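Contents: one structure, followed by commentary.
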Amino acid sequence: MVYITRREHFSAAHRLFLPENTDEANFEIFGKCSNPNWHGHNYILYVTVKGEVDPITGMIIHLRHVSKLIDEKILKKVDHKNLNLEVEFLAGKVPTSENVAIGIWNELADGIKKLGGMLHCVRLEQSENNIIEYFG
Amino acid sequence: MVYITRREHFSAAHRLFLPENTDEANFEIFGKCSNPNWHGHNYILYVTVKGEVDPITGMIIHLRHVSKLIDEKILKKVDHKNLNLEVEFLAGKVPTSENVAIGIWNELADGIKKLGGMLHCVRLEQSENNIIEYFG
Amino acid sequence: MVYITRREHFSAAHRLFLPENTDEANFEIFGKCSNPNWHGHNYILYVTVKGEVDPITGMIIHLRHVSKLIDEKILKKVDHKNLNLEVEFLAGKVPTSENVAIGIWNELADGIKKLGGMLHCVRLEQSENNIIEYFG
Amino acid sequence: MVYITRREHFSAAHRLFLPENTDEANFEIFGKCSNPNWHGHNYILYVTVKGEVDPITGMIIHLRHVSKLIDEKILKKVDHKNLNLEVEFLAGKVPTSENVAIGIWNELADGIKKLGGMLHCVRLEQSENNIIEYFG
Amino acid sequence: MVYITRREHFSAAHRLFLPENTDEANFEIFGKCSNPNWHGHNYILYVTVKGEVDPITGMIIHLRHVSKLIDEKILKKVDHKNLNLEVEFLAGKVPTSENVAIGIWNELADGIKKLGGMLHCVRLEQSENNIIEYFG
Amino acid sequence: MVYITRREHFSAAHRLFLPENTDEANFEIFGKCSNPNWHGHNYILYVTVKGEVDPITGMIIHLRHVSKLIDEKILKKVDHKNLNLEVEFLAGKVPTSENVAIGIWNELADGIKKLGGMLHCVRLEQSENNIIEYFG
């Protein structure tokens, strides 16, 4: 079993808030991330796939296929977008890094399986200091 | 003459557009950065100060003073904010990295002089691939 | 189960040695890290917490609380300090990265639990080439 | 149990291809990595060793011994070399990152054991976007 | 005057040698970079353009145009290629980082001018430890 | 004229203080860097040399010679040392990054000239946030 990881990145706006709350209550829970005028990040996304190495090609899966899948399933939907308003797979969720990572997992798991690997980890770095990992 | 640099960072939302243009015309000029629903970045800011080294203390200026100045004059105004809607020193400007860097220069130059140095360069990394430098 | 990581850093002096040994014997075991006049590092610290995502807020735990805990329990005690002479939670230990990481774990585990998460990993980078991980 | 990691790097040329295939068939499988005139990379190698911390020295193993072992067993054989033509431990294998990582594991595992630790992971970054991990 | 930089990367094989020299003489001059079986690198390329900021758009030049120019004029010719055998703009030159940087400058200068900027610097990182800058 | 840079690193202890001052007065000037029990850093050192490219070899100077010079003149004297107590070229100076960079310049300038280049810049990163550059 070998693990192979592809790194991608995207930039997006978001706001952390519960619509039923006052701005003060949201600030209490989410801090400055609840600014009603939005803010944003450069997200770095690591997608890790595990699988057996093909004894002939020496590969689990070609990373250009993983990269193409991530582009179609994720980057086209989130890059230079507003995570609260424009991303179907996050609809109704607070777009915390936790929820974004889980959403990305759900979008990718089937496609990775069709490529012949198994999704192992989605790692999302919202900044160099704040990192989320989800293993399904 | 020695050059000393302080690195800081902030996260913000923005949109590049000219209000008199249609969305199509804005997309033609600014590409996906013109998304009307905003997007955002983690900006890395490098502020470089030049000056003579004090022969007794061995310092030009203590970086904690530079850091405090940047925090008061810049970070409190831009971190987790919307650069189009909430930042007075960018009012009426398209918040491109060029304009943000020039705006930061104008906010800092006097304060740096009062601390005993001279502002030399404002460097703004909007992403690891896109970097702006302004020397006044 | 989701894993969330906060990155922090501190700078400190240390010396690796056994007081009952001669300088030569210490050099044999610890190499140039046993210099009696001290040396030091910029340590990068990653603290990983695991937990269930709250279905309402979309968070395990707000990272500003983790950051505040690390600041109080760790950074105030070690930043710009001498790890051999000034850090109570390392008293009587050789301040190798292994022992520093274990000491940090012991200082943080209870506080993380009170915040509603579980400490999963303390990762300490003594330099870009030398890294320690401790999972409790 | 503590995990300690040493980071090293080397530069090498390689080509991904199956000798029985036409260039077109190789391009179909391996993409531009099959260029018959070779290409190359700066590889970053992380070797992770696990073990108990010696209660006296506070170390699992001194990283300079791990570093020396990696230098002798790996770097001398692959740095500034052609992975297809000059590396005995890769003979007959397509030098994908998967196979290189597995080959490095096999070269190091015994030596690490003799040093008193257990090899836990070989991580190979072929570029900042493409990463392989092998756990034996 | 503002300076804007685009970061790109490519991977290539090369060999440093003078064809009239013996292997020993080449090794004397170029060290292990003269290996007759090639080796290779991940090159990081920074292209810096200077210009006046357009008072309406707030941009010197849109970086996607710079990026497209670099892709056409440079990356398509060097990425996953052999710098000695396959790159026309390096023909007859020893492909040191110095010569590669100068070659890239010559390929880009006119195109940057047509885009409305002036090429200021080509910076080429052959590894994290070895960097070349050329200002024309 | 081309500029070539070599990156190296070292770890050292230091303390910023004026011996004629009280601890309080030193703290007022130097902050926590004046801790009497020392602290330390991982310093990253960039040495930039400028020169004409040799039309035959395509090099200004081989970086392995620069690297060897830095090792002999600087790293052997400062790595894993105490900058206040053990470094002759800093004797009588407060070991601020400014003074360390100037000291390194003075140690290297002649040797670089003998190698056939001209020292252009000494850049010293005391941390990822604090950087000094000296151009002689």
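Chains: A, B, C, D, E and F, in written order; residue numbering restarts at 1 for each.
Operating definition for what follows: a residue touches a chain if its C-beta (ideal position, glycine included) is under 8 Å from a C-beta of that chain, and two chains touch if they have at least 3 such contacts.
Nothing here was measured: the structure is a model prediction, and the numbers come from that model.
Both chain C and chain D are touched by A.
Rotation relating chain E to chain F, from a C-alpha superposition: 120°, rounded in steps of 5. Chain geometry summary: the mean Cα position of chain C and that of chain E are 41 Å apart.
Chain A and chain C, compared by their mean Cα positions, are separated by 29 Å. Per-chain CA centroids place chain D at a distance of 33 Å from chain F. Residue positions of chain D with contacts to 2 or more other chains are 128.
Of all possible chain pairs, the ones that touch are A-B, A-C, A-D, B-E, B-F, C-D, C-F, D-E, E-F. Put simply, chain A touches chain B in their complex at residues 9, 11-14, 32-33, 35, 37-42, 79-82, 85-86, 127-128. On the chain E side of its complex with chain B, the touching residues are 1-8, 46, 48, 53, 56-60, 62-64, 67. Taken in their complex, chain F has these residues touching chain B: 16, 18, 29-31, 93-99, 101-102, 128-135.
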